[in-house]
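Two complexes are shown next, each including chain A; its partner changes from chain B in the first to chain C in the second.
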Partner chain A sequence: MNLRSSWALVKGLWLSWLQYRSFFFILAFGWMIPPLIYMLVWYTAAGDQGLAGFTRGEFAAYYLVLILVNQITFAQTNWTVGDMIRTGQMNQILLRPIHPIMDAVAAEFAGKLVYLIFDVPIVALLALLLQPQMDFQALNGLLFIPALLMAWALRFFWGYWLALLAFWATRADALLTLQDTLMFLLAGQVAPVALLPGALQTAAIVLPFRSMVAFPVEVLTGRLNGTDLLTGFAIQAAWLAAAVILYRLVWTRGLRHYAAIGG
Partner chain B sequence: MRALKLVGCFIRTSLQEEAAYRANFWISLFYSVLNLGSGVLGIVVLFGQVESVQGWTLPSTLALLGVYLCVTALRGLFIGPGLDSLAGMDGEIWSGTFDFTLLRPVNTQLLVSVRKWRLFSLADLLMAAAVLVTAVMMLGVTLTAWQVAAFILTLLAAVLILYAFLLAFAALVFWSPGVMFTWVFDGLFQLARYPMGMYPGWLQLVLTWVIPVGLITTVPAQALTGTISWAALAVSLGAALILVAAASILFRIGLRRYASASS
Partner chain C sequence: METPIINVEQLSKTYRVPVRAAGLKASLRSFIRPQYDDIAALRDVTFSIQSGEMVGLIGPNGAGKTTTLKLLSGLLHPSHGSVEVAGFIPWERRPAYLRTISMVLGNKSQMLWDIPPADSFRVLGEIYAVPQAEFHQTLDELVDLLDMRELLTKPVRNLSLGERMKCELTASLLYRPRVLFLDEPTLGLDVSVQLRLRRFLADYNRRSGVTVILTSHYMADVTALCPRVLLIHHGRLLFDGELAELARKMAPFKQIRLNLDTEKNNGDLPLPAGVDMVERDSNSLTLRVPRAESAGITARLLQTLPVVDLTVEDPPVESVIDQVYSGGEL
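And now, the complex of A and B:
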């Protein structure tokens, strides 16, 4: 992999995005609102005596970590790659002497830096207001890092292969909206997965969405025991492998199908 | 009279435009159903864990969701599309085509507010009505004439308040084109999905006095599910009139700042 050109891509994108930072800050603000609503609703519902094994402060801690994890793992190329295929901008990227996925990876790094500049101060302020509590253990902190990295990679490849369906269908973004709804319901946003009713909870654990956001949050906030941790990592790894295979498959097939509209 | 005739014309042309993209109907329906489903499931998950939050139960919160869906459907029907084409991304103020709108021999504010209709939103309105009816049936009360009248009046006030805010944010674009003020409002407006009472005190103050999201959904839902005081009804109607007047004045001042763009 060509390191210098990759770094140049990241730097170029980051500088150009900082120029439009107010636009990206507004986007980040919009993504933050749904988890924020559910944090406040559960916080109030928990009252002084707590609810379903969560105290008020634990709800606050869970959701504040979730807001950050959701932003770090958020797959923005999910939407933009489809547009690039539809409008023909993909042509330029295909001509570069570097694999096209590197463009998406560069956008990831550049974007995350801009978004976090906005998110971190707000989360810090909310932490001061809501006084989160959590039982922090060094082991959980260590396990959080691979869980977060795998969540990011899973969400990235999953979003990328879905976006590549634009090679065939012009309205593939309907699938992305369906995915967003499932993310909202099953990735720990509407409620921590442990609080979902029976069928939804099973779906959340088996499908890839919890592995994309909620799992690292549960790891860090210390809500999982030994076996839960192991199965969680196993499910995450299995879906990551599936996502990478799907990406390779859709990419090679799609490229042959690509008609390069526009110029 | 002339205004009504114009509105009729605008509705007809919008219908013709929409009818050209028939496959879009199914995609839009799919989005609406997802939106409805995630809203309802969010409430079901919450009240699966707890009987009531700050006096709000499953049926009354569902009624509030019905109000939210109803207000957003009315926004999508004509206020949103019209103002979006004015002040949204690549809107007329940005591109300079607003010159042609200004030349029309009709009041500009009226023209930009009613010129575009998205008739699909009528389907959203039907779904919202279904949610409201379900909620009232679950409450198991018979509505008095006073309750129905209060509900209709507060709902009308809610739509006017929402209109005033959207108009004011559209007018702000005259001062700084390119800033997506409406997106910030959209983010905050999502907070209207849940009753004000479920948020912490400091946020309730903001949502009552700064951005009166509480007046838009909480008050009509209270009118339907319980009884609201004359005072609340008066405040709601008064705020609607004052805000619409203020937004119209702001829009007129903004108009004078418009200096056209490249055309």
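And now, the complex of A and C:
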């Protein structure tokens, strides 16, 4: 991969975004609101006695970490890839001497840094107000890093292959919307996965969505024992492999189809 | 003779397009069982182009011009036949190939919309890994040739269409490609900008030896820039050669313009046989005569009519082309 070119793409995006910085901060704020609401609901429901193994402070810790993880792993470009295919903008990207996925990766990287400038101070402020509690251990902190990176990669490739269906269908967005709904339910957003009722909890653990957001949060907040950690990583790795394979498959086929019908 | 930089052999491209009758019932049916039509966009096209040539690709809308450029640039797979450009097979889209070619699509932009061109150029320079010194030298040269220094710092979205096309051309030449594909580069531009761009392209081609294939609906672009034209119609290559030759072949006649002395002109005009009246505006006439007989007829006209002024010329390219486009044959 050509590092210099990718870095140039990142810089180009930053330059563009600097023209309308407020828009991005509003977007980042919008992504933060739903988890904030769930947090306040659970925080209030927990009262002084706690709820389902979570104290007030633990809910606060869980959701504050989740806000950051959700932002870092949010696959923003997946929504734009389909549009680029439909509008023919993909032609310009295909004519560049770097792999088209780098365009999306660069946008991810450029975006994440901008959002975090906004998010970190807000989360820090909320942490001062809400007094989160968690049993922080160095090992969890260390494991959090690969869990977070894999969560990002999984969410990115998963959304990317869905978006690439635009090569065939004119409105592949519907699948992305469906995915967002499942994310809301099963990725530990509306409630921590441990609090979901039986069948839903199993579904959450087996399907890829928990691996995309909740898993790294659970790792860092120390809610998983050794076995849970191992299975969690195994499931995450398996889904990531599946997502990458699906992406490769859909990309090659899609491109062949695109080249056959013309952009 | 050196090996051509572009070699196209028996190239065909067939699109599969979904077909569907109007109405809800028909769309439901096509949702369950979609039907397709095969549309032959390009049929059995063969040509080759030498390095440094400027070739005009002409033909009516839907003739297959853009399809040809997309096949050459690697955006499309051929259905049949082969394409080779600068030793590469385009649709493999090797990075080395993509650095060799450049494509300007008149209706699509490669500029970043919100930032000044200078920043876009820098990003493109990095994407194409152009060494710093070379980048500045090339950019300076292009900016001077196109006289666009004052545009460099304005956001692209605030530029006019003509200014934007100057930027597109600069962007496409920053990494000094060897082959340039231009799809309707002057579309929608005013006459003086068109002239300026034409002068630039001719100049740049002379300086750099870049090979250019250009499509345009403005015959003036083609007559000014391209000694050689490829005429495509209904996906077939109908003509490959000089534009003047096309006119001769297409139009085996000449056009004679006459201005008559009004007082002596009594309205009754004895025209020799084989002469067609194309236009008559009181005392000025436009006649069409067979090419071979034009000299004899001119002499006769001078004898029989009160001629004040007379010119013999080739028919305008537009009318020749119109004849091909509407007739579809050569």
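Heads up, the rule we're going with is that the second predicted complex is superposed on the first by the 258 of 263 C-alpha atoms of A that agree within 3 Å, B and C clash if a C-alpha of one lies under 4 Å from a C-alpha of the other, contacts with A are read in each partner's own complex, and residues count from 1 in each chain.
Methods note: a contact is a pair of C-beta atoms (placed from the backbone, for glycine too) under 8 Å apart; a residue touches a chain by one contact, two chains touch by 3 or more.
The shown structure was predicted, so the numbers you read here are calculated from the model rather than taken from an experiment.
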item	value
Which superposed partner A:T44 touches (first chain B, second chain C, both, neither)	first
In the superposition, chain B vs chain C on chain A residues touched	B
First, second, both or neither for A:G88, with chain B first and chain C second	second
Touched partner set for A:S16, first chain B, second chain C, both or neither	second
First, second, both or neither for A:L230, with chain B first and chain C second	neither
Chain B versus chain C as contact partner of A:A127, first or second or both or neither	neither
Complex interface listing, chain A residues touching chain C	2, 4-5, 7-9, 11-12, 15-16, 19-20, 88-89, 91-92, 94-98, 256, 259-263
Chain C residues within the chain A interface of the complex	15-17, 41, 67, 70, 73-77, 91, 93, 95-96, 98-99, 101-103, 105, 108-110, 112-115, 119-120, 122-123, 125-129, 155
Parts of chain B lying in touch with chain A, wherever the complex brings them together	23, 27, 30-31, 34-35, 37-38, 41-42, 44-46, 48-50, 53-54, 179-180, 183-184, 186-188, 190-191, 193-194, 197-200, 202-203
Residues on chain A engaged by chain B in the complex (per definition of touch)	22-23, 26-27, 29-30, 32-34, 37-38, 40-45, 51-52, 129-130, 171, 174, 177-178, 181, 184-185, 190-191, 195-197, 200
